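First, the structure itself, so that you have it in front of you.
Labels A, B, C, D, E and F are assigned to the chains in the order they are written; within every chain, residues are numbered from 1.
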Amino acid sequence: MARYGPQFGPDVTFLGVPRCDLTDPSTFADADVVIVGAPFDGGTTHRPGTRFGPQAIRTTDYLPHDSSRPSLALRTDGLVDLRIYDAGDVEMFAGDVVTSLAGLRTEVAKVAGAGAIPVILGGDHAVTYADASGVADVLGHGRVSMVHFDAHADTGDIEFGSLWGHGAPMRRLIESGALRGDRFLQIGLRGYWPGPETLGWMAQQRMRSYEMTEIVARGLPECLTEAFAIATDECDGVFLSVDIDVCDPGHAPGTGTPEPGGLTARELLDSVRRICLELPVVGVDVVEVSPPYDHADITAALANRVVLEALSAIARRRRGDAWDPRQPLLDGR
Amino acid sequence: MARYGPQFGPDVTFLGVPRCDLTDPSTFADADVVIVGAPFDGGTTHRPGTRFGPQAIRTTDYLPHDSSRPSLALRTDGLVDLRIYDAGDVEMFAGDVVTSLAGLRTEVAKVAGAGAIPVILGGDHAVTYADASGVADVLGHGRVSMVHFDAHADTGDIEFGSLWGHGAPMRRLIESGALRGDRFLQIGLRGYWPGPETLGWMAQQRMRSYEMTEIVARGLPECLTEAFAIATDECDGVFLSVDIDVCDPGHAPGTGTPEPGGLTARELLDSVRRICLELPVVGVDVVEVSPPYDHADITAALANRVVLEALSAIARRRRGDAWDPRQPLLDGR
Amino acid sequence: MARYGPQFGPDVTFLGVPRCDLTDPSTFADADVVIVGAPFDGGTTHRPGTRFGPQAIRTTDYLPHDSSRPSLALRTDGLVDLRIYDAGDVEMFAGDVVTSLAGLRTEVAKVAGAGAIPVILGGDHAVTYADASGVADVLGHGRVSMVHFDAHADTGDIEFGSLWGHGAPMRRLIESGALRGDRFLQIGLRGYWPGPETLGWMAQQRMRSYEMTEIVARGLPECLTEAFAIATDECDGVFLSVDIDVCDPGHAPGTGTPEPGGLTARELLDSVRRICLELPVVGVDVVEVSPPYDHADITAALANRVVLEALSAIARRRRGDAWDPRQPLLDGR
Amino acid sequence: MARYGPQFGPDVTFLGVPRCDLTDPSTFADADVVIVGAPFDGGTTHRPGTRFGPQAIRTTDYLPHDSSRPSLALRTDGLVDLRIYDAGDVEMFAGDVVTSLAGLRTEVAKVAGAGAIPVILGGDHAVTYADASGVADVLGHGRVSMVHFDAHADTGDIEFGSLWGHGAPMRRLIESGALRGDRFLQIGLRGYWPGPETLGWMAQQRMRSYEMTEIVARGLPECLTEAFAIATDECDGVFLSVDIDVCDPGHAPGTGTPEPGGLTARELLDSVRRICLELPVVGVDVVEVSPPYDHADITAALANRVVLEALSAIARRRRGDAWDPRQPLLDGR
Amino acid sequence: MARYGPQFGPDVTFLGVPRCDLTDPSTFADADVVIVGAPFDGGTTHRPGTRFGPQAIRTTDYLPHDSSRPSLALRTDGLVDLRIYDAGDVEMFAGDVVTSLAGLRTEVAKVAGAGAIPVILGGDHAVTYADASGVADVLGHGRVSMVHFDAHADTGDIEFGSLWGHGAPMRRLIESGALRGDRFLQIGLRGYWPGPETLGWMAQQRMRSYEMTEIVARGLPECLTEAFAIATDECDGVFLSVDIDVCDPGHAPGTGTPEPGGLTARELLDSVRRICLELPVVGVDVVEVSPPYDHADITAALANRVVLEALSAIARRRRGDAWDPRQPLLDGR
Amino acid sequence: MARYGPQFGPDVTFLGVPRCDLTDPSTFADADVVIVGAPFDGGTTHRPGTRFGPQAIRTTDYLPHDSSRPSLALRTDGLVDLRIYDAGDVEMFAGDVVTSLAGLRTEVAKVAGAGAIPVILGGDHAVTYADASGVADVLGHGRVSMVHFDAHADTGDIEFGSLWGHGAPMRRLIESGALRGDRFLQIGLRGYWPGPETLGWMAQQRMRSYEMTEIVARGLPECLTEAFAIATDECDGVFLSVDIDVCDPGHAPGTGTPEPGGLTARELLDSVRRICLELPVVGVDVVEVSPPYDHADITAALANRVVLEALSAIARRRRGDAWDPRQPLLDGR
């Protein structure tokens, strides 16, 4: 079988969805969504372990792995209402970031080229360069905006002698022209990095970065609404990149560079739902889940739910009817 | 001595309160509250370990086990102001759910029959069938409403070939007539279970289930106020069932089926206080605490505080004077 | 699909060996070995978690799950040289030990009836009643001897009101006539259980139990040689039951009833190899692996290697040529 | 070298700031801030381990230890804009609280005497007696107010036969006259300690203690504003003492006496920023971080950020220009 | 009740043995053994946590806490065949080593004075000064020899400014004359402490210290036999002090100063059995068990078994008949 | 300062030894030993984390970091009797194995070129290619033999598309001619890797690999003696490479590819001592310590002791007098 399967552990798919083989276009020709694992932690500047992220995100759930997940909140079943396949992992050797990212970019572009939404399971944030580039290679450079949840701007330059570490993908995406700086929305930044020089570069690119003090002062819903308007201005689609460290370490300890003072898990899930309901999402990645630092699988479970929340909302958006979060559960449909 | 004591570990009582023996009615004839351990995890569909819940909830506290806990918030000492006994654990063999639940139901009914409030320390949520049935056996089927904190509806049908798993007790309680479906209030549901069929059954029973998106959109206090009105309509008492997984996994990792996006510990404690202050509580259980998955005992400590918050508020309700949460601590009494 | 797959987690097989379906005899008609998961911890008297044992034993390995494991020591590849299938898990509800064991016994007998060696992955030790009975049902009651590695004799009577807990399977096997007491060899007993009455019963059955002080004083190889002679006297085959707690807790912390002072992992692996090389093994189980109490997967890895060591040695025994442990690795074949 | 360095582990400084030697005044004559480690857990009444707090707070960060931390929120670099030295640890033998506290008090007074702000890294809360006394010894008894974040009032009397445990420092500070009871502001109290007698004593001292129910009912910002007015009335400076257990155990599990229902990490960081921006802080301590009970270093990381937030805000306050939390990050300076 | 009970946690006794009260001699007048908890970690120079040792050693067992433990190896039931009481813990404030040790010494002497064997559960090794002094105060200074299992000589002098740390008790015992240096047998030393000066002092005292290279080269049984001869020469009784760190960290991770390369758990248990069978033991302590650093309770379980092995062997020695470790279990009595 | 210092965490040296700067030859011109950190885990095929190995090995010790460690066994103080410097870490970006190894090789050669013994702290085993090549570049290709402790042969070919993973360094060393295959001694191999093809290649190179069954059957001392004879035949020096996974996972859980059934920690330490006493060691590395998977630092402590045992024995070998392991400690010098 040409299909690679997972790089680490047994050959399983996201909660049991069918497999596809990226070397055989017929296996995903009708896909709405294709899940791709990016088991890479060679770009990490601190705690590694995200190589085990794809497998953990695929399998961390207490329910049967039966390819069905009816959302209570949205009354859709993302895994049933959408045609979803799991392509397994792209082979990514930690010791060779350049080759690894190139391979990933090619595979993501195949998915986008087939008209499906790629949902990439990281891996450290270095993979987002490949993820978003792969989508933009198909949809057009400059035609895709970015909504980026993270504690960190990830707009750094060379680190440890490399252009390609997990602190730099957003700079590379903008420098390469794949994405426009002025359609780059960042949510949840905080802490003590980067310094003034990099912030100056970001301002020059006309990025819009919501630091946590602004979010607390203005309220997250207001910030999101503002960001959504920018994201859909002159762009055809939105890439959603979720670094799990946007959440407070109490909610997501299993990550490499935890920064206290972040969103709650609830806030992240509510935000992801809104984005996928309200915006034309063309790609998603969920990154920086590091199982060796997790406890009782709570970080992996959160990442699994971020994926499901996105899929459920994409399915609901396609269904087209209105959704009211205030509606009682048992009145719903 | 007829008293069984704890099934696992040494013979201790909840923070040192006196013991009683359910085979000797004279030992708890004057009780306001009787604590009963239900060390059972044979009903769990995923991570076990709640058999150690009763012992963990009884003992996880950094203060002396001296049978006194003055509440700062309420200015009562639940363990002193109420007559409380700990009956030890009911013998529950994990491998025999039917016999175990029957035994527990009988013992809980003894407590209720003596006019005391049973406070049951679980165990997985399967025990709530026995807990609430035992109370209803005494107070009358259909005369007790339920306020149920949980991430999950627990209204499923046969799982792993059994009617009695921890995903089904609420269905069994309503089907048996012990509790009325239309006086069944659920707070905190979320995630991807159950599916439409079960939700349809729930709607038919006229249950009222507050999913987290509704709670976030409307605010928890408003939802509680609405639920309280239903709970006290044509019912003589309220059973409070707290599944610790109603809290976010970041606040309660030590549980079997953690679902991201839940309440904070603070919200749960505030809710339990309000319920026990404002409603005629006739039974309480705290379930699904699984010490093997806990870290630094934070889940067990939370469950211990849920019990104390309930006892403190019951004591305050009996004292009868008004309580204002805005009053400064050192002005209080 | 009739095949059940694993009860918990995704549908995977032991290191990638092919699947079979116990409801379809044609799928394992040519099998040498069939692996069966017994995800049951309802019989445990203390720490649970062995329900996750089968999945952990199947997957805990740092090598690709490619259905090949060439043994350095034996120069066989058990997964290649033998025809091995994995039947998935038997459905076992923790809360119903009687039904669960009955179902398992039936499935194991199917495997034995097809002429294959069942290798059962526990689960707590209660499953061994079903495992060995299922084999004896086919090969004849009294025709199979037992070599039993354990810290505990597991010959207790009723516990927590049940005949079927994990402390009793060996008594049930002998009482039922499935196995002969005088062909029951126990290795590694120690500690403070059972008491004189049970030991008296064991002596009456003419069991041969090697306590650790005897093993230390005489040497493990001598004890094994003596035991082998008994095991093959008037019996047609040997069932090998390995309770991982036979090893010292330092080597196998992830178990429910750890007893200090046991074998090293090395001694266990060396013993399993000898048994499967020298004796006509007709069934194997590996039990009491409890992942929630494991650290860095070392207990699960040990159990995985116990299975591989058994399979490698069975393959080598079938090849028929002599094996010398003193032979240098690179001279070997 | 006279400088002691850390009591446990290698000789490192807070994120690489320069060292100073408290026995040589010239080494810190120009200091704005001097960091002092207080590696003492002999005062703890429950879980120990805070002796490793100073080292953990100094080093838990994923960024290079390069003595620079530009704050995104405040656009200052506390480690660069202020002259900061790390004096290493004061030698504190756990088994001798009296000698240990006396030594610490002397060293803190040296720092205050040099006109610098001492930032003490605990250690259990017993050290605050020495910390605040040392500052008051220089600035005048009764001239320094206290803002105290904690789950516990720490105003107990003799425990385990000692006046000096970590439950008593606030009583000792007021009794000794070092601090005024009516300028003692406590934020975040909750739970079941102390009892009425101690609360009566506190009321007599005219302390102002904000219990969590009051904070939830009124809002944290309003409570802080009220407290700030008291703290600056007739006092020359404010000592800020942060017991990490003011946060919910989900956000700060690594502590000795965790009390559910506390602040979020975000709320604590926002509060510390406001205090150091708006009040004349003359001393800071961060205590009760117990690494043995931490997970993935999240508690240590939070404490490190509490220190950085304080330093950043002190630097910003000295710069003197206004700060608006609503200002977009990339418009800022 | 005068009895103090445990300093931390609920009031339990060692595996359920009866309580006694050291303030009431009638409660232990007939005792063979009195268990005393010494919950002290104020003497530790590195990782603390041994304050929780007594409680962990008392309760870490998977069997019922029923005051009976029939030894398989020895065919005695130490808890039944001997009259054993548990006096609870001596109050020991970590912050005051001098007062704490004085109190402990007094209590131990009460036990010895009543003709019973004190079995002290530590606590860090500082407590051994009090333990052995208390026994020698009754039996005569110089009349008691010491068999001391440890990775460390514990003959250091002042550390962190104190004479009383856990690195020094053996020096204090010899200097004070309580014990003779030339009847001081140390087993299991290794590593990189102390230096030549202290070793010189030890040689001057004519101590006999078996370093691990000697033990490996000569064999542990031969070393023990040699040591036993010294221990019984001109002494009336033997004090057995077991620092759990004599075992390899793989077997006993839960300790403060782990030194790789130690005994196995099996070797320690075999040694303790021999000592208590062959020598006139007059006191025992088991120290340096630090639960916060333990995993799956394996260190606490080992310490519990060290106590049981000692009690079982003391009971067997009193019975007086010969014991052959080579005897098959089921032939035994 | 040109010196890089550690790549992760604060700038510390091995137990406080002086620093040197590899860009300034004068700083280590007189060195006997130079310690070099190789914080690289980009070559790992399974669990990462060895990037934190150098820092953990440098600092994991309960004694003061005072650059002195008197060996009880050998009566030398390796850190005092030898001139030892710590050069800090070589910058190694996980995502670029080729550049990283090239940089490390150059630095190691600098050390060897100065006549000092490089002691490299890994890092995953990929670094050994650079370590041994760097030494051979100075001492001559083919002039250095290898003694290699490991569970794995590490003679694999391309994995994950790379020649340079941690499963291949030994093949690369032999293929490149840096080391001779027939002077390559491997101790401790076991398990299920590599397959026949690779074993055939190894046999062709005339490597000598001691699998664990041979070691158990013949005894480790005899195997070592045999190996030593080969290692010193026609070679000028010996490189000692210790993969910590040569030990059983119970003794060294904190590693990436744990293989049950290995050496005890004691056996490894005894072997390292013998090698450095009896052979002309010219380079040492200690690799595969992965702190994220460690518990209570036992693996890091073992690796620290492997380094100290090597240094102590090198010092003793240079002193030149005989050493008898049977000599009592207090008679020694």
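Things worth noting here:
Keep this in mind: a contact is a pair of C-beta atoms (placed from the backbone, for glycine too) under 8 Å apart; a residue touches a chain by one contact, two chains touch by 3 or more.
Keep in mind that what you see is a predicted model, and the values were worked out from it rather than measured.
Touching chain B and chain E together: C, D. Counting only chains that touch, the fewest steps needed to get from chain B to chain F is 2. Each chain's centre was taken as the mean of its CA atoms, and the one lying most distant from chain A is E.
Relative to the C-alpha centre of chain D, the farthest chain centre belongs to C. One inter-chain figure worth recording: chain C and chain F are separated by 38 Å, centre to centre, where each centre is the mean of the chain's CA atoms. Centroids built from CA atoms put chain D at 56 Å from chain C. Contact of a single residue of chain E with at least two other chains is seen at positions 46-47, 248, 250-251, 264, 293, 295. Under the touch rule stated earlier, the contacting chain pairs are A-B, A-C, A-D, A-F, B-C, B-D, B-E, C-E, C-F, D-E, D-F, E-F. Within the complex, the chain F residues that touch chain E are 62-63, 68-73, 75, 77, 248, 250-252, 264-266, 269-270, 273, 295-298, 301-302, 305, 308, 325-331. If you check the complex, the residues on chain E that touch chain D are 7-8, 41-44, 46-49, 51-52, 91-100, 126, 159-162, 164-165, 292-293.
Partner chain F is touched in their complex by these residues of chain D: 9-13, 16, 58-59, 65. Looking at the complex, you find that chain C touches chain E at residues 45-47, 189-196, 199, 202-203, 207-214, 216-218, 248-251, 253-254, 256-262, 264, 293-295.
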